[in-house]
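Right, one structure below, let's go through it.
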Amino acid sequence: MVVFSGAALLCALATLSVLGFMIWLSLPVLKSGMLWQILTDPWSPDQGRFGIAAMVVGTLYIAGLSLVISFPVSLGCSFFIQVSSPGLWGRLLKKLVQLMTAIPTVIYGFVGIFLLVPKVRDIFSYGSGMAIVTAAIMLAMLIAPTMILFFTQSYARVPRAYTDAVDALGGTASQRLFYVILPQAWPGILTGVVLAFGRAMGDTLIALMLSGNSVMMPSSLLDSARTLTAHIAMIIAADFDSVEFKTIFICGGILYLMTGLGVFAARLSQQRDRS
Amino acid sequence: MKNRWILVLVAMAVALFSAQTGMAQGLEAFSNAKGVLRISGGTAHIPVMKAAARRVMAANSNLQITIAGGGSGAGIKQVGEGLVDIGNSGRKPSEDEVEKYGLAMYKWAIDGVTAIVNPGNGVKALSSDQLKAIYAGTITSWQTVGGEDRSINIYTRDKASGTRAVFWKKALAKGQISGKAQFVSSNGAMKSAVANDPYAIGYMSVGYIDDSVTPVTLDGVTPSLATVKSGAFKVARGLYSNTKGPYKGLAKAFIDYLLGPEGQAIAAEKGFIPVN
Amino acid sequence: MKAGVQDRILAMFSWGCALVLVSGLAAVLGFLLVRGAPALSRELIFGSVAPLDALLLKRQVFYGIFPAVAGTVCLVVFSIGTALPVGLCAGIWLAEYAPRLLKQIFSLVVDILAGIPSIVVGLFGFSITIFLHHFLNNRVFPCLLISALALAFLVLPYIIKTTQTAMDSLPLALRLTAPSLGASRLENIVHVLVPAALPDLASGVILAIGRCAEDTAVIMLTGVVATAGIPKSIFSSYEALPFYIYYTASEYADASELVKAYGAALVLLLICAGLFGLAHLARVWVAHRARVRT
C-alpha cells in the first residue's frame, strides 16, 4: 500500500516540480520587474529587448489556424465513422485514424519541408514557403486523429435509449445526428477541441521546421512566425546567465499554464458531459 | 534548434597563446587513449571535426568523440562552463570571454563568410550597400537589384553564431537585420535553405560552398579560397578550437592532430585554408 | 429541411472530409515510401561495416544509422524501465486504494502531466542538469540518463492511465473471488488482478514505447547529439533516430545524405507502425481470451 501511494505521490510531486522549476528559474526576471516588458516587447537582443510577444502571437496563430483547418475535417470524419457509414468503411477509417496517432511528429515536419513548402511557395508566389499556413496544415494533420477519436467516443456515450427512440420514430441518420447525438455530445466535442488545441500549442518540431522562425510579429498567414516552443528550442544554447536564456523559462511557464488551463477547461466540460 | 550536441572533432586549433612547436602529430597519440572527448560549438568546423573523429575513432575503439553544434557562442560558453572539453568558435573569442573563462585559443584554419543565393537566381553580384539594404529590409524585391519581381527571402543565424557575428561586423558593417528574416541554426541548414528556395539570400562559411548555392560577388570580389587567402575578400575569419586553460589530455591530442599534416589536409579537403 | 436532402448533405460532407483526411495521409506516406524505399538496405543501417561486427560492437559504424537506432533503443529501455514501475504502482493506487477526493485530484494532476508540452519537459530536464552541474558535481552533463528520466516523465501519464483503465475494467467476479477465499488485498492485486489486466497493460506499455521512440523535443534539450557513435555509458551523449531525421532534414550535405534521411524516416515510421500493430494484437488477444472464458 505504501509502495503504491508513494509512487502516486512521486508522480504528483513530479508534475508540480515541473511548474515549480519554471517559476523558480524565471524568478530573477520576475523579481526585476521585467515581466511586462518581456511579455510585450519585440525580440531584438542586439538592442537589449527580449520580448516574447511575437512568439505568443505566433503560437496562437499557428495553433488556431490548425484548429480551424482540422475541426471541420475531424467533425466530418467522425460523422463518417459513427453515423453515415458505420459499416465497413467507417471501421476502416477508424482503424486508419488510430494508426495515424502513431505517426511521429518529426515525420510530418520532414515531409512538410520537402513536399509542402515548395508547393506553398509556388501557390502563393510569395515568401519562402515556410510560413504560418504551412505549419498549420501539417499541425492540422497531427491533431485530427486525436479529435476524431474523441468525437466518436463522445457520440458512443450518448445513451442507446435516445438514439433508439429516433430510429423508432422513423428518423434518418442525419436527423439522429443533428437532433439527438450532437446536442448530447457537444461537451465531449468541446473537450476534444480544447485538448487538440493544447496539443497544437505544445508541438515543437512542426513549427520549428516549417514556420520560418522569424522574430517579427506576424501580420498575415503567409508570414513566417516563431512559436514559443520553437523559441525555446532555438534559444537553449544561449548563455546561461543572460536575460535571453531566462526568457525561455518564462516561455516554459506560459506554455505550462496555457496547457494546464486547457486541461481544466476540458475537465469542466467533461463533468458536464457526465451529468 | 542549435545542434549544440554535434561535437565537432576538429579541435585542432592552432594555439595562439602557446608556441607553435610544430607538433605535427598523427594517430599515434591516440593509441592508448580511452574515454570521452566532448566537442561543441561552431557549425562551420563540423565537417572537419567529423572527418577527423572518424579517423581517430577508427584507429582506437575505446575512444568516444561526441560532436555537437550550437554556434560559436555556445561553444565558448560550454567549454567555459566545463560542459565540453573543446569549444569551437568561428570568431575569435572576445577579451571578456577569454578572461571570464580562462580560454586558450587554437586556430587551425582560415575561412571566409560569404553571402549566398540560389543558383537559379539571376542576381550573382551585389554591392556592399545593396547587401546592407537587403538585410535591413529596405530593398524587398529582387527586381530592385536586377532580378525577378519576387520578394527577397532573407535568412539569418541566431546570436550564438560566429558566422553571423563576422558577417554582421564585416559585411553589414553592424547594420540592422530585418525582423522578417527567417532563422536557421547552422551553416549546413543555411545551405539547405538557400538551395531549396529560389528567392533566398543568406550567408555561410566559404568552405561550405558547393554546387547547390552560388556565392555572391561582393563589390567585385568573388569569394573563394584564393581571394580569402590573398586578402582580396575582406570578410574572413579564423576557425578556432578553445579549451579552458591550456590544452591537455585528449583535447591536446586532438587539437595537435588537427594542426598536424593529416588534420590540415582534412581542413583543406573540406574547403578551408590550413594554417600550416 | 427535408430529411432526404439533409441526409445527402451529411453523406457528402462526411465522405468529403474522410477523403480529405485519407488523401492527406496518402500524400505523406506515399511521398515517404517513394523517396525512402530506394534507401532501405543494409547499407542504410550499417554503412560499410558488416552487420555482425556492428552488432557485436567490434567496429564502429560511421555512415549508417545504426548508432542512432542503438541510441533510441537504449533510451526506450531506460525510460520505460523507470516509468513502468512508478506508473504501474501509481495506477494501481489510483484504481484500488485512492479515496474519492484524492482520486479526482490525482486524476487531474495526471491529466496536467499528460498535457505538458514535450519541450517544457525537456526544458525541465535541462534545468535539472544545470542545477546538478552547478551544485553537485561538475561531471554532470546532459546525457542518456537525463534524457531517459525526462522521457519517463513524458510517458508516465500514459502508463498510469492505462493501468487505471485496465484495472477498472476488470470484471467484478474476478475481483471478488480471491478475497472471498481469504487472500489479502495486496495478494489479490499482485496475484490475480494484475495478471488479468496484463494484455491491456501490455498494449498501453507498447504505446508508451512508441512515444519514447518518436519524441524529439525532449531529447534535443537533454543530451542527443548528431555524432556520437554507440553510447559508451549511461552518462554519455548519444544519437537518436528522430533527431537524426530532423538534423539531416535541416542540413544535408548532399543528395545521398538526404536519401539516407528518407530511409531513416521510413525506418522510424515502420518501427512506430509496428509497435502500434503489436499493441493492437495485444488488445485483440484480450478480446479473444475474454470471449473464450465466458
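We call the chains A, B and C, going by the order they appear; numbering starts again at 1 in every chain.
We adopt the following convention: contacts are C-beta pairs under 8 Å (C-beta built on N, C-alpha and C of every residue); 3 or more make two chains touch, one makes a residue touch a chain.
Model, not experiment: these values are computed from the prediction.
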Topology of the chain contact graph, where touching chains are joined (line, ring, star, complete, other): complete
Highest contact count belongs to chain pair A-C
Where subunit B and subunit C are represented by their mean Cα positions, the distance between them in whole Å: 36
Where subunit A and subunit C are represented by their mean Cα positions, the distance between them in whole Å: 19
Specify, in ascending order, the residues of subunit B that touch 2 or more different other chains. 1, 81, 184-185
So which stretches of subunit A touch two or more other chains? 233, 236, 240
Set of subunit C residues in contact with two or more other chains: 220, 250
Given the complex with subunit A, which residues does subunit B contribute to the contact? 1-2, 4, 70-71, 73-74, 77, 81, 150-151, 153, 158-160, 178-185, 193, 196-197, 199-200
Subunit B-facing residues of subunit A, complex: 42, 44-46, 117-118, 121, 125-130, 208, 212-216, 223-224, 226, 230, 233-240, 244
Per the contact definition, I'd like the list of subunit A residues that touch subunit C in the complex. 1, 3-8, 10-12, 14-18, 21-22, 25, 72-77, 79-80, 83-85, 89, 93, 96-111, 113-115, 141, 144, 171-175, 177-178, 195, 198, 201-205, 209, 229, 232-233, 236, 240, 248-249, 252, 255-256, 259-260, 262-264, 266-267
Quick check on the complex: what are the subunit B residues that touch subunit C? 1, 3, 5-7, 36, 38, 47, 49-50, 53-54, 57-58, 61, 64-69, 81-83, 184-189, 191-192, 210
In their complex, what parts of subunit C are in touch with subunit B? 58-60, 62, 133, 138, 141-142, 220, 223-229, 232, 236-237, 247, 250-254
